[in-house]
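There are two complexes below, and they share chain A, which is joined by chain B in the first and by chain C in the second.
Coming up: the complex of A and B.
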């Protein structure tokens, strides 16, 4: 790791493996990581069993035992928090990546219907193949997400009608698919459909060490892959033609990146359900904290996404006594105003550009 | 075109009558259309079939007719006024706003059923105006295709839905009463609301019909309408008011069942033409027929399970929405026109 001065006079940090990030972004990333750590620690103390911060850290230090305290910290809260970090980072990363690929600052795996596609596929599995082992679920989810992606590509075609039309197409697909999931839900036993309803709203209630173990391999595979594939991200941001003239093989790399990104969200959806708007919200907030490009933008978005989900989870767990609010709903309520702000800033930029 | 209009209207009416009788005939127990007709015209209180038709299926069918008529006319008028093929009360925030306010009134303010209708009307106006406001916020210049308007409505509807769901979660016991209403369900239990509020919807439709000529002129162009002596601003706001009031009342009865308002005008327009004097009645009748059929499908297609009518309508509506986006915004001539 070396620090050098770039042509424009900014300090940049070179990591092993050719990853270079501006010093300012490294500082922002460290700050965000610290914030995630603090939020996670605070989150350990929130919930129906009151736990002091010192006690929580002591329990973590000594390892799990048979006490109530240990159960609350080790078996309920820690897996939820870890899941929140991984899932938040995944969805935000996918959102940032889709936005660069589609050159559309509004792209979001939830709004485009990809998450709904994954969910529909999972419900098909639950109804028709209930015996399938849990480890296969992310693959089924991937198939559903990809199917929606292909459908969108077919429907939108090569017409570059831009942001809003594609987004509306995604919303249309999402609407139809969500009624298909409702119909499929009719054919599940009542106790299963109640559990599924929770999950369909996007919730951390059911995060456990087991679901974490299912999700982690996909995360460990998908995130480095996206970061590796994303090394040419800066040239994508300049537009397809520019990227091609810079020597990018778009017909190969674009589909590969898309599949990897969809895989990552699909795995997240099968773990905790869809988190709509997170993929739009996190990159936008990251841009606000430190306007970066390329892979630094991806990393910052992922950190913001993780922080948002950890905070939303803490909030919903704190409220759980009075209001069993699914994390997904909390994120929608945060996300819509943020989305509208994004649209507003985008049009303001366009006005200035004209 | 002229020669085809009246046969088309007659066809639509025939479809609606068949849909009405079919809706009354099928269900947990099927009956012949003949016994349905006798139940309606010569009601025998001791006959079980008559009882089912009169007290369970007829209220549902009447709610479906009301909903379909009001939503379809609302969609036709909003599509004409905004000159946007995707406009409809379900999409521009009216339905979701009305639903949000009903939930607030019922859960947070303990307003009785009658007052919930008023809350729905306030909510309908709130939803529409917030959609307008957000559109103004996100597009600074006049944007030709109106996509921002639709997108604002779609996103705001999600927000309204999320808030309403959160409020409902705060009271689990009452939530179960509202849950199927909130996803849009025709339920004969709510027929007393139809009895209380139907006149508001009828009033809205009569107002729209009375404004049919100026509305048609506005559809052809605001300047042209103004030069023909139409008070464009007044007619616009009066008609929007009539649409919002009648749609909100429908939401108070059976929840946010959207999309019939989007779909119906697109079927009626090529058959009957753009003149609202004919198009409004045609929309009302066809909208009613579509709702009756969707209700029938929701009740019997997945037997023994019963689906909420709103979910059935979303399935149909999502597909039609995608087709409209494809045809109007992604066709060759429009390619890249607006980003």
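Coming up: the complex of A and C.
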């Protein structure tokens, strides 16, 4: 790792493997990482079993045992925190990547119909094959998301379509699938549709060591793949024509990025349900914290996504008490005010600049 | 000394009985090891599971959908509606709806958790605390208070169920004798008024009581399109036109259990809004053979709900 000065005078950090990030972005990333650690530590103490910070550290140090404290920390809170970090980072990362690919700040896995594809597939299983073993659900979610991804690639027509076309096709697919979901819910018994509605709003309830073990391989493969593919992100941000003139093979990279995004999103949806708006919100908040580009933007977005989900889970688990507040809604409640504030501050800044 | 040894042996035997487990296959096809005589049960559905368990005299220590103070988290409190406001039945909740609090579940120290067949997603997390038995609750397989009967067989409460059923059947015979002679053996259609009119299916004490009184189900499913799609819950939506076309001898109507006003006037007003002119098209309405029920009292698959239904029929017969 070396720190050098770029042509524009800014300090940049060069990591092994060719990753180059501005020093300011490294500082922001470190700050966000610290915030995630602090939020995770605080989250260990939040819940219906009273656990102080010293107790939590002692329980973690001694390893799992049969006590209530150990159950709360090791079996309930820690898997939820870790799942929150992984899922939050995945959804935010995918959102940032899709925004660059579509050259549109609105693009996210939800708006493009990827989450909806996974959700519809799961709903079809819940309604028509209720006895199917749980192990099949992640595969069904992946199949649903992948089907939407393939459909988008076909509809968009590989490289020739612009970002707006991807977005519009995604919205059309998402809207169609939403109506299918609504029809399925209409014919679902109330007790089942209630449970489905909870899951569809995003819930960390099912986070466990087992679900973490199922999701982690997708995260371990998907995130490096997106970061690798994201090396040309700066070119995508300049538009398709410019990217191609800079040597990017869009007919290859666009479908590959889309499929990778689909796999990561579908795995996240099958683990905790769709986390609405996180994919849009996190990159914008990251951009406000440090207006980075390229892979630094992806990493910052991932960190903001992870932080938002950990905080939202803490809110649902402890602070909301008996309020039925799914994690997905808590993310929106936490994130949207920040999102609006940052947008207003940014436009005020721009006005002052003019 | 002899007495002490006898008490000790009795306690040991009792402890042994409580500690005994047996292997059963639940309705989701899972093999589960459950206590022979469960002492502390958590129910994952209030109306369909907790109420039958309470009626069987079992100790339900936690119910999904209830608050810490024992009140209901939703607009209807089935326990209070069916069994009355009994302080002993202010059962604790296990966290907000959609976000079961596993730490609360564990703190209640259950030795058995009973969920519905569709709650497989929750099984993995809850099984770490206590064995989870999934009971089918859907119409198609279950009807009347068969859920309670099957739970009684599972949990060694057949005698309690039989005693309650005997009392109920005596009451059925009593009410049956008071019904208008011209309605005996006739067809009935039970509907519930949500945002639309829905035909009530088989799983409830109400339906059990109506059938035990000798009424036969009106064959509505072959006359409407709604049933063509899978609908196995408490009720199936009917369009207003479909509802107006149906021709049962007796119409049983109840308001949504979420509505605080269960009066006949309110139900009529809602029906007027949803299916204008219904009382001119439906013969049972024209001929004044409508029985109004309080859905919060009668919709659960319990003998007590069936008894509430009998009371409503008795009142109607007396008018």
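Here is the rule we go by: the second predicted complex is superposed on the first by the 265 of 354 C-alpha atoms of A that agree within 3 Å, B and C clash if a C-alpha of one lies under 4 Å from a C-alpha of the other, contacts with A are read in each partner's own complex, and residues count from 1 in each chain.
Convention: contacts are C-beta pairs under 8 Å (C-beta built on N, C-alpha and C of every residue); 3 or more make two chains touch, one makes a residue touch a chain.
None of these values were measured; they are calculated from a predicted model.
Novice: For A:339, select first, second, both or neither according to whether it touches chain B, chain C, the two together, or no partner.
Specialist: Only chain B; A:339 stays clear of chain C.
Novice: With the two structures laid over each other on chain A, which partner does A:48 touch: chain B (first), chain C (second), both, or neither?
Specialist: It touches chain C, and chain B stays clear.
Novice: Determine, under the contact definition given at the top, whether A:325 touches first (chain B), second (chain C), both, or neither.
Specialist: A:325 sits against chain B and chain C alike.
Novice: Between chain B (first) and chain C (second), which, if any, makes contact with A:186: first, second, both or neither?
Specialist: The answer is both, since A:186 touches chain B and chain C.
Novice: Looking at the overlay, does A:205 come into contact with chain B only (first), chain C only (second), both, or neither?
Specialist: After superposing on A, A:205 lies in contact with chain C but is clear of chain B.
Novice: What is the contact status of A:30 with respect to chain B (first) and chain C (second): first, second, both, or neither?
Specialist: neither
Novice: Between chain B and chain C, whom does A:127 touch in the aligned arrangement: first, second, both, or neither?
Specialist: Touch partner of A:127: chain C, not chain B.
Novice: Identify the residues of chain A that lie in both the chain B contact region and the chain C contact region.
Specialist: Chain A residues touching both partners: 186-187, 201, 322-325.
Novice: Would you pull the chain A residues touching chain C in the complex into a rising list?
Specialist: That would be residues 47-49, 68, 71-72, 75-76, 126-128, 130-131, 134, 186-192, 194-195, 197-199, 201, 203-206, 208, 210-211, 316-317, 320-327 of chain A.
Novice: Using the touch definition from the top, list the residues of chain B that touch chain A in their complex.
Specialist: It is residues 86, 134, 137-141, 147-148, 150-152, 154-156, 158-159, 162-163, 165-166, 169-170, 172, 183, 302, 305, 307-308, 311-312, 314-315, 317-319, 321-322, 325-326, 329-332, 334-339 of chain B that touch chain A.
Novice: Contact residues on chain C for chain A in the complex?
Specialist: 28-29, 45, 48, 67-68, 73, 93, 95-104, 106-107, 116-125, 128, 137-138, 229-234, 237
Novice: State the interface residues of chain A toward chain B in the complex, per the touch definition above.
Specialist: Against chain B, the touching part of chain A is residues 155-157, 159-165, 167-169, 171-180, 182-183, 186-187, 201, 276, 322-325, 329, 332-333, 336-337, 339-340, 343-344, 346-348, 351.
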